[in-house]
Amino acid sequence: MKKTTKCSLMLLALLLLPAVAAAQDEIDKGDNAWILTSSALVLMMTGPGLALFYGGLVRKKNILATMMQSFAMMALMTLIWAVYGYSFAFSPGNAFIGGADYLFLNGVGAEPEGSIPHLTFMVFQLMFAIITPALITGAFAERMKFSAMLIFMTVWATVVYVPMVHMVWGGGFMSGDGALPCLDFAGGTVVHISSGVSALVISLFLGKRIGYPSERMRPHNLALAFIGACLLWVGWFGFNAGSALAADGLAAFAFVNTHFAAAAAVLGWLIVEWIRDGKPSVLGGITGAVAGLVGITPASGFVSPMDAILIGFAAGVVCYFCVAVLKAKLGYDDSLDAFGVHGVGGTVGAVLTGLFARESIGGAPGLLEGNSGQLVNNALGALLTWVLAGIATLVIIYLIDLLHGVRVTEQEEHVGLDVTQHGEEAYQL
Amino acid sequence: MKKIEAVIQPFKLDDVREALKGIGVDGMTIYDVRGHGRQKGHKEVYRGQEYEVDLLPKVKLEAIVPSDRVEETVSAIIESARTGKIGDGKVFISDVGQAIRIRNDERDDDAL
Amino acid sequence: MKKTTKCSLMLLALLLLPAVAAAQDEIDKGDNAWILTSSALVLMMTGPGLALFYGGLVRKKNILATMMQSFAMMALMTLIWAVYGYSFAFSPGNAFIGGADYLFLNGVGAEPEGSIPHLTFMVFQLMFAIITPALITGAFAERMKFSAMLIFMTVWATVVYVPMVHMVWGGGFMSGDGALPCLDFAGGTVVHISSGVSALVISLFLGKRIGYPSERMRPHNLALAFIGACLLWVGWFGFNAGSALAADGLAAFAFVNTHFAAAAAVLGWLIVEWIRDGKPSVLGGITGAVAGLVGITPASGFVSPMDAILIGFAAGVVCYFCVAVLKAKLGYDDSLDAFGVHGVGGTVGAVLTGLFARESIGGAPGLLEGNSGQLVNNALGALLTWVLAGIATLVIIYLIDLLHGVRVTEQEEHVGLDVTQHGEEAYQL
Amino acid sequence: MKKTTKCSLMLLALLLLPAVAAAQDEIDKGDNAWILTSSALVLMMTGPGLALFYGGLVRKKNILATMMQSFAMMALMTLIWAVYGYSFAFSPGNAFIGGADYLFLNGVGAEPEGSIPHLTFMVFQLMFAIITPALITGAFAERMKFSAMLIFMTVWATVVYVPMVHMVWGGGFMSGDGALPCLDFAGGTVVHISSGVSALVISLFLGKRIGYPSERMRPHNLALAFIGACLLWVGWFGFNAGSALAADGLAAFAFVNTHFAAAAAVLGWLIVEWIRDGKPSVLGGITGAVAGLVGITPASGFVSPMDAILIGFAAGVVCYFCVAVLKAKLGYDDSLDAFGVHGVGGTVGAVLTGLFARESIGGAPGLLEGNSGQLVNNALGALLTWVLAGIATLVIIYLIDLLHGVRVTEQEEHVGLDVTQHGEEAYQL
Amino acid sequence: MKKIEAVIQPFKLDDVREALKGIGVDGMTIYDVRGHGRQKGHKEVYRGQEYEVDLLPKVKLEAIVPSDRVEETVSAIIESARTGKIGDGKVFISDVGQAIRIRNDERDDDAL
Amino acid sequence: MKKIEAVIQPFKLDDVREALKGIGVDGMTIYDVRGHGRQKGHKEVYRGQEYEVDLLPKVKLEAIVPSDRVEETVSAIIESARTGKIGDGKVFISDVGQAIRIRNDERDDDAL
């Protein structure tokens, strides 16, 4: 939202009166310092953050392959973003997709975009383009070909992620001045629903890992997963508070909301776990934290800290049931619960944002302030994202399977992906 | 009493334990090993330096059983551990002179 | 100190002439960027920092439980702080405890507190409220019930930490304009003495771990402890330099002092170790670093970089002897030396601050500049903290033991806390 | 470059008209926030970053000793820098070495140096002085005495690093207004060539590890190496973008260039590996990233993002061949490829900076903009660094070996350095 | 010569080693194992998925001793390893045909 | 058939495997152990607390071979594992009654 106005304004400016733009827009070094810091924090979320969170949860024979799937995004998405991704996401276009003005970052330099250099805005957005596909990898961990993964992500980023960004933040129809304005401060729909739903589709398409669920597949190194989860928490401050695109009061709100929601989600998850499974677990605590962080993402710049506690708590409890109960019931194998945490948490957050949004904070009222329309818009936006991501992913994965094959052989799955995909072993202990 | 040592594929451990539970063989000791035999290893490359890795991860299961239970125990292991592919592993049988349960000094068959 | 003046001034302002306050106080985005960054750094100190530092030092069967004790504080203290902790610490009150104005963060928003949003100040302080109780957990590692730990920390934070904060930083009697003004830039008394002394009391109350010291209890993973210590060092820049509450020259002093003290303490510890034990060790190096960081904490905004080297060196050497010699002599089992490092290091720092403080840097002269009063005040402040924390902790732990029981069963201690308290194992290697 | 002008200007100012300097220079809190943050990031590169990257690659019995070599630099270099290092690097001097004005940081305080406090500039530079020698340790890992290492680094920092800094950034003959002005934005020559070449010399002098290459010496924990590499990547934003010494547009350029080069180098390395060795590996990916980061270091503030992609790609490919092919051919044992990555990558970067530099970005044109002189200068500068570092290192190591002995005994090498040098074991798993 | 294999509780290792040192049995080889027997395991839950863990961590100690020292060795182990609770472990005794000290080719009893 | 158990220095493993390959002994199972014997341990100090570490890392290699191949196998191991220093390790030989290849039920010598 903030983003959109800021940047669509910018786009307009760029088009009509650059002179004026230059005049009215000036770089604020405090803002730039914060967004550069935030960009570094968001990259840290993927590497080492997410890579460890996922890598610690798989079996020993697959840790490297799992971390590599996140790490590869740090390289692949960067080139895609530089060549055409950023342009089709943020340069002026239609309601669904941006234009070609910024191909090869043409014209993207040090000049101010809002109060920060255009390049700063570009690279901050890039970090989101890196982690989003990386989130999906949790669903097909331990059984997907590395080559197939690379192909899938390239296509997915191009036909799902980039358009989503444009629609919600780049001036498309779900953004501030679009046909269906949705409130998504830092990526509930764009990042979490899109990746979570795609994750579900792939895990259904690929089928279960050999031996699941009969064979024991306990996390091989929860210490690594713990480090990863903590770094995700810390990095998320850049993700959400950085989305204010300034070091202002709104950033402070987003920062506090992010932290409060994570804390509340930890308690939410642990309490349910304690009651239902008899003991509160570390894996539960860190998973709950991530669920809360996901849940607050779209709301972080629109709600109050106390609202954030409620949103986080809700996300923690709901995600627990999806992961621990629903998944078992439905019997699909979302290896690391990319859907259960991101798809579900993102949806919860998107809807609750429409409920709790306060005009005094993010400039937009929600249902509780009598603006029922916003709740409807956000629900619709979430639904649309489900549909788009779901269908597109199914088509893509189907085609890649047809032309290239997506799953490793049974033998390779037994031996493990580290050795078979990358010719390495993680530990010589 | 006989000591049955079985070297098996790691991913077969759960099946073998099921099979043994099935025939009431409860006592066993297990540890991870690396093995070499006819099964081919694989190549690993670190910064261009190649390593031929021919010690593969296996699991070793030891069960001391009364002599009259050796037969069924062995066949239970073999059937549950077999995939038919090279690398399934081996079973070795040897004599055990004495067994003692530390807790209460029970001896031999009673100790198993 | 800085804090106090700044914030008590603020409080006054809020009370009497908000309009004027608003007039004179304005948000500086550079300051806000730095304090938001610092807040993230301080959270990183607890998770993953401290969790790893402690988790790597225990036995394999207790790593998760140990990390969980720190992680739980990230959730628990956050809710306490949001509901009443911040209010009783920083809203206007009497000499010992704050008031109820900020309950549920009522009135705590984006308006400036000094040069940063009030929410930024609140969340920065919250991060301190998280790590302080987490520090205590090192003393009772490997033998305390998770439930008892939660109860203890809730009470302790309420009756020890929150009042301490108010007294020293919130306008209480140990703060700038109080009856006994102490110099404590970033928490020598509030954070380290209070947690360290409480740690000692608990370890004495709980008694030794089964098998201590005869049984071998070597750190199970020094690599993790190393990561933790380094992240503590890095995060401490936010802890101390962030306490300037601005990105100004004072922050630069605090930053440099922090780094210099840590470096000097590493050398101090290693030299003694090399002489006394024959070899300089990694565990010694990282423990020394933490000791130095603790020692400089109260002084970081009051002394010169060269003073910082002396303070750090002293802290390193003194802590070594307390940990390696004194503890063995007295024979208590402070599992991870929470007292030996934080209690002792904090005391050394508090006293030396009164000795070295320079008016030209922090605005307050110490003994070396002829102000013997400051040394006395700081010593008294430290003593008071010892007494308060010591007595309160004893009462609390005694009652909890009576009503709930604090120690796990012998069987549970043998099996390990990971399995018995959380139903998990850390490694499947 | 930027640095030089800024600081030589400052030095001039300090000398001639401090009053004026004070007048024209004012602290910008946004800049200070960013450089303080960057300083923290650069320290994080050494600990835990580099320590883990190296520690994960050695054999289990040497991880602590390897990490300790980096950690010790965090303490040792700090004291050297405080006492005389900073002064001889940055206080006014001749073409080769600085003066004594800043001994014991005399006169280095909160007053502005450019737009940041002098202390901030000092500590930011210190973090470079820490990581540079730490990089060298990769070459003699698993076989050098800890004591010899300390002696070597002390001398090396004094006679190689400090003069190099002065020559290139401190107003010496390779800096902006010197006889041979070289473009080195963040340390291609000063940091990477100097450390990489010294690494080569030591590894040749020490000879191979026992059993190399016949015995298997696979990395004992690639998960740790992965964490380290990612933290290096994240920290490098502070290293390069911080070198702008401001949170301005140039910082944004350096930030983006850094990220793009790393990404391109990952792809470069993986593609070659995939073709040549049959599989793309995680170790290859993370090594490639570091190679790209090294390559872009001197160029980061002078070239465009698209140039950065080319530079990164080149660095990745060239370093691969040096590490995987050349080393084997020449048969020296640079244990962790400190030379292959830093020496080679730094040289590639230094030369390509002279090729791609754009006046519009860093104020200096390169060959492609018709300024062939710059390419020559940079090549000469690189060559000079090779010679200086190479010869000096050889002399130093030779003398230390003579007087003290540098290599551990065969028995110690078998048992491992953790136990024999530090009396510890890393894991009790 | 006899091979004595003892599976014991990990936290008893130091005591057992003391006891053996006491009677002058120096040579031994030790490794970590997981065991199953009468001792009940425990439940672990990961994200709601339950696992019955009934392979518990144990330590296995092997000592080859001259036949005439078996008695005292075994009792030393048993006494020092006993807690009286289920899970204390077992001792197994079997024959060893030959022993050789690699360093100097000493054989059998001299090699122990 | 005989079971040959060799406890050797970890850094000698590659040499020993070469030697065995040399004489065509392929099948073997290997695992890490800690051993105590005449070799002196070392001191470790953690925060001033001393530990005498006298369990040293060793590698244990097990190979079941036909009785007529014991001689050469043992000498191959001994020669390749020897450094002449205390700590080189030991070789123990014992009987194995039966061997079975899980994959195809081959027995005894054929199974090795």
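Note that the chains take the letters A, B, C, D, E and F in the order they are written out, and that residue 1 is the start of every chain.
Operating definition for what follows: a residue touches a chain if its C-beta (ideal position, glycine included) is under 8 Å from a C-beta of that chain, and two chains touch if they have at least 3 such contacts.
Values in this document were obtained by computation on a predicted structure and should not be read as measured data.
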(request) Go through the assembly and pull out the chains touching chain B as well as chain F. (result) D, E
(request) Enumerate, in label order, the chains that touch chain C and chain D alike. (result) A, F
(request) Between C-E and B-D, name the chain pair that shares the greater number of C-beta pairs in contact. (result) B-D
(message) I'd like the Å distance between the centres of chain A and chain B, where a centre is the mean of that chain's Cα atoms.
(response) 45
(message) How many angstrom lie between the centres of chain C and chain F, each centre taken as the mean Cα position?
(response) 51
(request) Can you check how far apart chain A and chain D are, centre to centre, with Cα atoms defining each centre and the answer in Å? (result) 34
(message) I need the residues of chain A touching at least two other chains; which ones are they?
(response) 28-31, 33-34, 37, 216, 218-219, 221, 227, 277-279, 281, 283, 423-425, 427, 429
(request) Going through chain B residue by residue, note those that touch at least 2 other chains and give them in order. (result) 31, 43-46, 94-95
(request) Could you list each pair of chains that touch one another? (result) A-B, A-C, A-D, A-E, B-D, B-E, B-F, C-D, C-E, C-F, D-F, E-F
(message) Show me the residue ranges of chain C that touch chain D in the complex, using the header's touch definition.
(response) 28-31, 33-34, 37, 41, 59-60, 218-223, 226-227, 230-231, 233-234, 237-238, 241, 246-253, 255-256, 259-260, 262-264, 266-267, 270, 277-283, 285-286, 289, 305-306, 309, 427, 429
(request) Using the touch rule from the top, collect the residues of chain C that touch chain F in their complex. (result) 213, 216, 218-219, 273, 276-279, 281, 283-284, 287, 320, 323-325, 328, 337
(request) Flag every residue of chain D that touches chain C in the complex, lowest number first. (result) 27-34, 36-37, 39-40, 43-44, 47-48, 51-52, 55, 63-65, 67-68, 71-72, 74-76, 78-79, 82, 104-105, 109-111, 116-117, 119-120, 122-123, 126, 146, 221, 224, 227, 418, 421-429
(message) Help me check something: in the complex, which residues belonging to chain B touch chain D?
(response) 43-51
(message) Please output the residues of chain E touching chain C within their complex, sorted ascending.
(response) 9, 11, 14, 42-46, 53
